[in-house]
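Two complexes come next, and they have one chain in common, subunit A, joined by subunit B in the first and subunit C in the second.
Up next is the complex of A and B:
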């Protein structure tokens, strides 16, 4: 508890938001973008990123009205006890689904790319045990892990983009927007899944040291993924063209594999290692969200026992899909549900303003 | 304190339980395939003959000179993946494709079944997408049996040649690997692979095999490849020779150290016009029997003009041959047209072959001679 009293620093907030968003999807985002938008993939990803920044801003504004509460408590205050609890349960279910989807996608990719003979279950159980250990340490542990992983991860991705920049064939981008801007907007909604993870903003305000600067550093945390993803997709489609990109299951790995520096022959291994770290941090923040919400919905304080209850659930949910096409289908569902969860911050904010809940004036009254 | 000790003991125990790795394979149990040759089988029409070149790591040390550091094994099967599995019944080691350097395809195979092999090569993670591919006039298998003095293993020799030699000789081309062929397949564009021939026990890697719709349609010799490489813009460096007119001297050789080219399509009166801007920079390495009477400025000017004309002729010749004889477009012209003129492309994509066949070429070649070496002209 001592750590929590001290609170999270500003940089830690940014690192946490960035690493919650950058995760499993990074190896397949160029494919998803190319499938949805063709040559305009990078633009679609960028637009989706702008959207996510705006939604993150709304979430932060909403949270700032209730500086000492998390979403579970203030949703009950805004929506009333019953609907607030329903909202909380939706959050729990959503977090579990995303967690299982990411876990399964991660384990499958790892089996194809790195460990063909290791049983899927072992990879998943090991990952679950490690995130259990991390989440058990509390939010400060999660945040410090993010703080450590942020720079190496950024370095590897930036190197991947940088070394492939010279091979981008710019002439491809001459036909950008040849079908008008509407399909790009449509595609942007299909790639919002890439940025999911900033929902963590709903939860962290009570633990932050400098509550005034939450807006700046929260937004900074969401800007980084936008730059990373747009850059990656831009380079990928520039190098290979939209058709080939949409044919590769794990295009980003391919991009990393193209790099042949003198002393590192297989750069892709390095990429995979840091990608695992990114997946790890995403999983921890979702597990934290799930167990924390469940505890608070049930009106209890200590969330740690609930991690142990949730973990087997997540494991079962993640071994349920039978093949890659079912996983992709769940991915699509998660994409839309996640988008609506983030979107729900807008009605919450409006209702809070109308019903005069939260905010500085009201806080003083209480 | 006691609790901490107990935890420590527990974690030590865990170390023994968890120390295992499903994917661990002893290096002695692996057979490293370093080269693959694909040929059409002589007897069965459907089947192919796959030759694997496998490294013998034990003989890499210079002491065991008597043994050859590699061995070749041929399998007949319906395709590459079948042949790869068939290896299991021939030896005790597990064949591994991780260190595969080259894939050579024979002439007959390239004409017919080339595209069927690709899927296995792309789907398997083990094989790198940077593996070089070459097409062999006659049987690909014979190349893997060649003897070299410099490096003992043919697969390594050829892979190094493909890596390096296009920087020295303009007649050698190499811009394709498995990844490139994948792009060619998905975007449906044509390409050229380096050509290998055995010429009286010696290897010859100049020229190229022209592919259209993933099948071999013809050959280009070294001279013609020079033009194609300028058109593609993949020349970094190399040597370019020219015959001089009588009052200048006999012949000259230039060391090209930079060649910048940009190719753009243009639509003029409903017809495709291919515009090429090319700038070549180089130093003279040889001017045989140069006329020393003419002053330097004029001499170099005329030399540059001669080079420009010569390069233009080469490019023109190669372009016409590709266009008229093979109707194959290895310069990504189709893709560029799609990007530059999407509307025109939509209207004319059905009869692309015709559009390409009637295309005109507009050249703007500039040759700059920077230095003339250690003696005056």
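Up next is the complex of A and C:
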């Protein structure tokens, strides 16, 4: 049909990437940052963000060499069939792990913050069912839900930052960079987990309408989380100081609690409610990645039956950890594995260039 | 999976198809071809219609040659004046006078053309050579004229039956806007459309649907604006309709809609011609069903349910405010009771302390948990609404007063419910009536009850999950393959001008993109 939209629009791409990255971690990122970098937490988060933007750029460049393929297909082309499949399976396992980690973290936080007497299982199963419904609708349903949720979510986060801006005590930042820049860089690698979710960039190019502008809008989608997280951590450490921040389990909630509006006694509950949106979109894109990769690794087209196979798996995986230290350990693993998954785009790109796979010339040949 | 597929075996389908094939309606098998003999044709009509008392058979002779003729029509569907003065009188007496004047007689072989050319003074006539077409036309209110010696019939249009006059649209009244609504007669409705748009490109096509009812279904679109693919899609869906009776527009809507697992309508149903014509200009198709005063708009967006013609008659700032109120109202109508239950049961900390205390104080005497209280009150108000809608106007007011007293004051005094709950229920009820489209409003209202249950079990987390669920549902609905939630998802910034905000009239230069019109430019002025 004339000028009918045939794929994801540019705005949808940005919304999807942003909401995949902004997720469960938003309530605890100030703590992680303060633990890793002390007073320079915001800077570390910002540097990690820059790193994630660069990696997103590499992923996009790589994807653009294969405009009609997702990572599962072109990794097989680049690495050969066997290693490509292994890479695909790693992606599947990784997605499931992240999904379960986020789900568990989410359910734990919800138990502490909102529903102290509701069993974990119930909150998790309910969430999984809603995700199932969304992913079952396909990528177009996922991106459209993201589009709708982008604005309210941003509004609440920006309000939280904005209302607390006047409370920031700038004198705390006098001791910034007292240990030099190196520890900050080191800390930055510890907080890359915050931005995880932009791996969705590996998968979406074949569905995008305007493939030329993928770079601009993909990057735009990754810039927004950087601003949100850095702003949040900056305000948080400015208000409470690095020591207090690192001792709070969910510091962002405390930040929201500072806000008192006449008719809402506790702004933090509102924050938690909208944070559910962020968690939901992240989980959705990971479930999509997992089921999509698994399907394509097995050489099939319809991924919808695989969602049903993966869901119980994710549930079991998220119910397995016994205590918070186990969960934190998984968190650390996820942090590094996720970083390496994103980083794997660099060797893939190099090999692709060396082996002359993909690119404009090849695309025309096909 | 395989078992299900086997059931879908085409062989089974054939069996069902055979069983459903139309059976001959009369017990005597009748050869449906027309013959040259009047008596034979006459008897064929009689075989079908003799048992019906409203069928009129009238035999007479034409001219001095006494050519046998017969009129067949259905009493009540034709205008008697026309039959008497323009058909029977000229044929029976004027022909004789004419013959006397020219001193000649009309020969049987030229009678047919002579009658058409000189005798009958009816504007619209048709010829038909088959019995079933003639039968259908007679049953739709035409008069069939059989002339001896011809194997074709003359069909004379003398339709006229009692109809309702144009009246104020009952379900969509406006303050500033036209006062006329569609009626039950298809012709009147198409005329209403024509009067509003004299563009020769506005096409109104008619097809007959319903195996037995043979209901006229008209669809209108504007050539050059409406996307041809959309028209094809509609025609294809209409052609698949195979049912005995098309009862109304709402019935047809459910036969051709995309998704039946939803409380929300996927076509806009309106009885306002002004709304209809505006939709036509946006590249949409209008479907009118005979005997139904409602028009279907295809495709439609969710946002359209919040638009009313009077928005465009007021200044844009005012209309935008009203639009915003409507959107907020829809949100209240769905979520208020659920949020109330969740907050009172799980998160009393969310509300300011004083209010929380007064709520708790008001609830002291109430024996039920808030969910029971809420469901009870919401059900009561639905009962009141339903009984008020069914009763005649005079009694309806009584019900309103009684209901108002019962759920307002008496229920609180009796300790069945708290005053806050009454406010919540009243707010939801009023809010749901703000939405201009009835079918959308009632769809949204239905969602309230499952939401209350979720709120009672999972608190605000459940409400949020339900909110997410509703949103996923909304974005996955299609209206004739078009996106239901435009311009929000997919986001179309240009169409945001006519969304929650109704932009200034001079700024709305393009048609909305949802139905993919061929011609996007609506306005060419500064």
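The rule we apply is simple: the second predicted complex is superposed on the first by the 361 of 366 C-alpha atoms of A that agree within 3 Å, B and C clash if a C-alpha of one lies under 4 Å from a C-alpha of the other, contacts with A are read in each partner's own complex, and residues count from 1 in each chain.
One rule holds in what follows: a residue touches a chain if its C-beta (ideal position, glycine included) is under 8 Å from a C-beta of that chain, and two chains touch if they have at least 3 such contacts.
Remember, predicted model here, so these are calculated numbers, not experimental data.
Engineer: By the touch definition at the top of the document, which applies to A:206: first (subunit B), second (subunit C), both, or neither?
Structural biologist: After superposition on chain A, A:206 lies in contact with neither partner.
Engineer: Let me test your reading of the model: by the given contact rule, A:57 touches which partner, first (subunit B), second (subunit C), both or neither?
Structural biologist: neither
Engineer: For A:277, is the partner it touches subunit B (first), subunit C (second), both, or none of the two (neither)?
Structural biologist: After superposition on chain A, A:277 lies in contact with subunit C alone.
Engineer: With the two complexes superposed on chain A, say which partner A:247 touches: subunit B (first), subunit C (second), both, or neither.
Structural biologist: The first partner, subunit B, only.
Engineer: Between subunit B (first) and subunit C (second), which, if any, makes contact with A:133: first, second, both or neither?
Structural biologist: A:133: touches subunit C, not subunit B.
Engineer: Determine, for the superposed model, which of the two partners subunit B and subunit C contacts more residues of subunit A.
Structural biologist: C
Engineer: Regarding the shared-chain residue A:183, is it in contact with subunit B (first), subunit C (second), both, or neither?
Structural biologist: The answer is neither, since A:183 touches no partner chain.
Engineer: Given the touch rule stated above, what does A:119 touch, subunit B (first), subunit C (second), both, or neither?
Structural biologist: Only subunit B; A:119 stays clear of subunit C.
Engineer: Which parts of subunit A are touched by subunit B and by subunit C alike?
Structural biologist: Residues 114-115, 118, 122 of subunit A touch both subunit B and subunit C.
Engineer: Please give the residue numbers of subunit B that touch subunit A in the complex, ascending.
Structural biologist: Those residues of subunit B that touch subunit A are 21-23, 125, 128-130, 179, 182-183, 186-187, 332, 335-336, 338-340, 342.
Engineer: Using the touch definition from the top, list the residues of subunit A that touch subunit B in their complex.
Structural biologist: Interface residues on subunit A, with respect to subunit B: 112-119, 122, 169, 171-175, 178, 240-241, 243-244, 247, 254, 257-258, 260.
Engineer: Show me the residue ranges of subunit C that touch subunit A in the complex, using the header's touch definition.
Structural biologist: These residues of subunit C touch subunit A: 227, 229, 346-347, 349-353, 356, 458-462, 464-465, 468-469, 471-473, 475-476, 483, 485, 488-491, 513, 516, 518.
Engineer: Contact residues on subunit A for subunit C in the complex?
Structural biologist: 1-5, 9, 11-12, 110, 114-115, 118, 122-123, 126-127, 130, 133-134, 137, 141, 144-145, 147-149, 262-266, 269-270, 273, 276-277, 280
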